[in-house]
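Structures for review follow.
Both complexes shown next keep chain A, but they swap its partner, so chain B is in the first and chain C is in the second.
And then the complex of A and B:
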């Protein structure tokens, strides 16, 4: 396919060539400069330079840093190779770091499903043809504008991150007798920061809404003719069709939570980065950043896998059966 | 209509130019405000001032350039909403309507009471007629809806859910607003919960002193606006290259863009800081501008993908026609691409302003203490408060109470809320149009 396209381009280039004076079009340089690929690369050039300087080079550098002891004296960087020392220290000795990792993983595991489900519900509510949905859309999006680390931290500190009575409604001590501790912890966490979790779902709601609007409406009509209820339609048409959007939202949620400045690991890395008393330094901070990145990738992979698998199972039997039946009904 | 409005447009331009210049004195004040610091510090910060000046001029030029491109559109979209024309109901007309309603109110009031006896006389017969017309089907369709039309029950459930969630979303802000107006005695009084007994604005004046509000606000706008302009331009370019040209390695570049989205900043932060210190631009806005101009700002990947969608939607035939007319690809980009991507340009400008405004980790590291932003000031609110109002004279010292803290938080997000109030339509509709789903 690609080669064909290129041939076509060549043909069009040749066809348009006679319009220009001949002596200009003949040179090899002219042909390169006026090729499609060249213009494409020219448009991408700033981005590519930026990628090399501000992403590729720093990543390699932190990778080297993470295996070495980094000392900065008078602006000169001295690195000495120490193998896996930094990694061992971070994972085996630094209890603060492992705690932060656990907290982060827990946060992601709790946030992702809650945000996905709630934003799906809200987007479906907003997508129904009701008056005044624009107003509610404005409200649901506004937290995106104001969420910054200090503001959210203040909300949590002042106890506004959740409704005041909610802790008294659930008796956690009684629950702890029957349920395992980590479940109770998770529940406590959810109730204490419930509004803040909602606040993080602004963009996801809008993304779901565009996904819902793009959906093929003939499928619903066909299902209606077959006598499917709305509940069935949601599970068998809406959800499978939305699956790419769900995966996108899950990835988005994980990434946004990972770069949010209230994340316990980020502050840990930041403080250790500037520590001069030998406990931290750039080498150690780099190692922590790499461990953090790998954990994040693992979580991302697991989340995507969970949501993707669901798609396959439904797609192969339910959705296609429905489609076939719909076609039969129309014929 | 157009003739009237044209001079106003011309007036608007100098205003845009002036804004960066007004920021400069504010910056200098911030630096001169601490003469007690060593003179070395002052010397060190002089180049920063020069940078700010140059950058300010650059912004002014940039504004004029961008303004000439988007002014018609800006006028049509934003100003008309307030001034009104045939299509848009104007704010002024709306006010007039309210005035008219109040003017007519007395006569209507009288007419209402005059009409009441007749109404009550007719009521029994009317209700009977209504009850007769009720059938099982009509009641059912009223509650459950028929076909496309929504029934009462569905509407009720949807609206109550929406209102419930809407309230939950706004609750922290409302709570904060109420709490921030409480006087110290209200704060300590356990009987006063949500609403203060009297409006106490002292909290706001104290909080704005602690935040050094106007000065910090100008710096924040400066730090968030400049990089976002550069970021928008660079992402526009990259996305156009990806969307409109065929070349080898396109998929690789896509993969790289997604990688830049996923990688946490902590992974690239330290070497970047070393690069900046080698370039001697630490503590200046350039630490934000340069990566943004090269397409590596905060969440640039999102913007590249948004622009990509818009550029893809330009029909090929239009581009071909432009090519035959002799336009080169850069001209096509400027004329066709940018006009197709206008909503995306606005959306990415708005979103990146917001994201730069709210960024605290990178701002703290790259900008050091030279430039502060409102969220950063909020982070050290308590410490600054103690410095300002702390117990110098022993008993006269105050401690931060929650109300003042709340007032500070509200002040720090107030500019964003105002900003959102005017631009919310473009945020939500832009994302709608961008359609970042599934691709």
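And then the complex of A and C:
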């Protein structure tokens, strides 16, 4: 009892006494530890450590390697600076690499718009009030689950990814007589890769569907009363509203295509890195990886710019002309 | 400017749910008709059928003597304002208002003229360049109204346009819509669940429940002469007091008393004359009395002769300009609400006496809940 009373006295004394000036550093430490930001960073810490060790460090290391001749002897790494030698070799002497780069660029240029358009169309169909949409949604998303590395390799090897029926329908030789060769090539590429394109659209369809489901239905009703046709509603309401989603899907498609495990450039970099005949090595592989990375960034930048520009155009289209006139009329 | 005629309109959904049953209504040119009722009563469905956004299961809908059942919304010459504004988020205020006109290929100069004129009426001239997300709720609803005005439609359809606004803005917009109706001289059909909006705005009110029209009348008549217990309870705040009573009248010419618990109220002669039933003696009815027709009385007060009862105050609500006193009265399920003056000083637990103005009471059949009083 006595002890309790003493405690009570202490508490009241503490409460009534003016706050004693605290040690500055202790106060700051206390504040930092108890701040929300600190908790946030603590949660982030495992990921940050992982990122530094497994991503940031290797990136810097490969950048240094790409300008060096790297020799690995008995567990020791010896590097000697050779400037842009590896880059020059990759771009000027290694035809296999430049061919693979060209094929990759072509693939991205064709895949991105086609996957974007197809997934947009499919998402709109799957979003409509049809019977069995749940079943079809599963069907289109299914490949995303099953087409992981080894499974897809087996499928491609067995010819599941191509669809000879479609390819044989079109006589490409005859087409080449009337159409420019690059168009025929692109068409042939698309038909042969048609199933792969559908397989790679699962996530994009899902992203578009979330975008579509977020849209306010009464907006379409208002447009219907305003006299808009379904076609006009798509171009003037749906598409502008979906533009951020389109940009997201474009970035996603480019990145997914670039890190796809069966990508020929990635396999070439891997084999060259471990080459023992002196043709490759870590330095050369790093240079190729950096060229590939820069090309990917450029393609990504171009794709995003095109769609961002489209978004801006939608925003500014006609608006200013009409506003200027309205101002003029007011004046 | 148009009249609307709804004849035997039904709306049945594929699952078999009937949202609107045998809806018959003539809306005259330049009228401001309000559909009011609780959630799910079919008021919005009816409005959407007029707009063409909902298919009519059976019946005929005429706008200006033209049957429009299968006419596209855009060809019905109507404009609609939605509860959530339904503005196009990627367009500016100007573009939102001009959208419908552009689709109709109206010359650009005319569009500019109409939009600026509508913006002037609604006081949104300064916001024409802004996007809807940069506007307040009230401004957005003005834009939605502007979008309707520029079309110069025959009929304005408004689906709970003020429900998303705060109380102050709602009152302000209410007045503006009334002004707009006077200015435009067009037919307005307005849906709301708020009986204050209905009472203040409409020239006629359609009270609905479970897809059925309960009563179509002017605000005054709805308040004074409700046709059934539902209408009486729905219109007016606080809700009308309902008391299950037994009427007693020994001879046809004798006065009528309403008895409940140990209480007895003398029914006013004027009300007695309005009773349509042949025989009322020893029959059960529901007596309806509005809070303003019940008063706190002192013993000397002779106004409520033979129409006073003892009550115990349960709760008082001070509203500033008035006080609502909730009392328990013997023989009454629930509370009896009394509308007292601003400076009323009764406290909960007080034993008081309350008087009923039986000249203004309502009587409903106990089983059918229909009014047994003629006008």
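Here is the rule we go by: the second predicted complex is superposed on the first by the 273 of 331 C-alpha atoms of A that agree within 3 Å, B and C clash if a C-alpha of one lies under 4 Å from a C-alpha of the other, contacts with A are read in each partner's own complex, and residues count from 1 in each chain.
Criterion: contacts are C-beta pairs under 8 Å (C-beta built on N, C-alpha and C of every residue); 3 or more make two chains touch, one makes a residue touch a chain.
Quick caveat, the model's predicted, so the values are computed rather than measured.
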- Determine, under the contact definition given at the top, whether A:237 touches first (chain B), second (chain C), both, or neither. second
- Message: After the superposition on A, what does A:151 contact: first (chain B), second (chain C), both or neither?
- Response: first
- Message: Under the stated touch criterion, which partner chain does A:142 make contact with: chain B (first), chain C (second), both, or neither?
- Response: first
- Between chain B (first) and chain C (second), which, if any, makes contact with A:219: first, second, both or neither? second
- Which partner does A:68 reach: the first (chain B), the second (chain C), both, or neither? neither
- Query: Does chain B (first) or chain C (second) touch A:37, or do both, or does neither?
  - Reply: first
- Residues of chain A touched: more by chain B or chain C? B
- Item | Common interface positions of chain A, toward chain B and toward chain C | none
- Message: So in the complex, the part of chain C that touches chain A is made up of which residues?
- Response: 51-53, 72-74, 78-80, 82-84, 86-92, 94-95, 98-100, 103-104, 108-109, 111-113, 115-116, 128-129, 147, 151
- Query: For chain A, which residues are in contact with chain C within the complex?
  - Reply: 216, 218-219, 221-228, 232, 236-237, 240-241, 314-315, 318-319, 322-323, 325-326, 329-330
- Task: Over in the complex, which chain B residues touch chain A? Could you list them?
- Result: 148, 150, 154-155, 158-159, 161-162, 165-166, 168-172, 175-176, 179, 234-235, 237-238, 240-242, 244-248, 250, 253, 256, 259-272, 274-275, 277-278, 291, 293-296, 304, 323-324, 329-330, 333, 354, 357-361, 364-365, 375-376, 378-379, 402, 405-406, 409, 412-413, 416-417, 419-420, 424, 427-428, 431-432, 434-438
- Message: Touching residues of chain A toward chain B in the complex: what are they?
- Response: 2, 5-6, 9, 16, 36-37, 39-44, 46-51, 53-55, 57-59, 61-62, 65, 75, 77, 121-122, 125-126, 128-130, 133-134, 136-151, 153-155, 158, 160-161, 163, 194-195, 198-199, 203, 206-207, 209-211, 213-214, 244-245, 248, 251, 255, 258-259, 261, 265-266, 269-270, 273, 282, 285-286, 288-290, 292-293, 296-297, 300
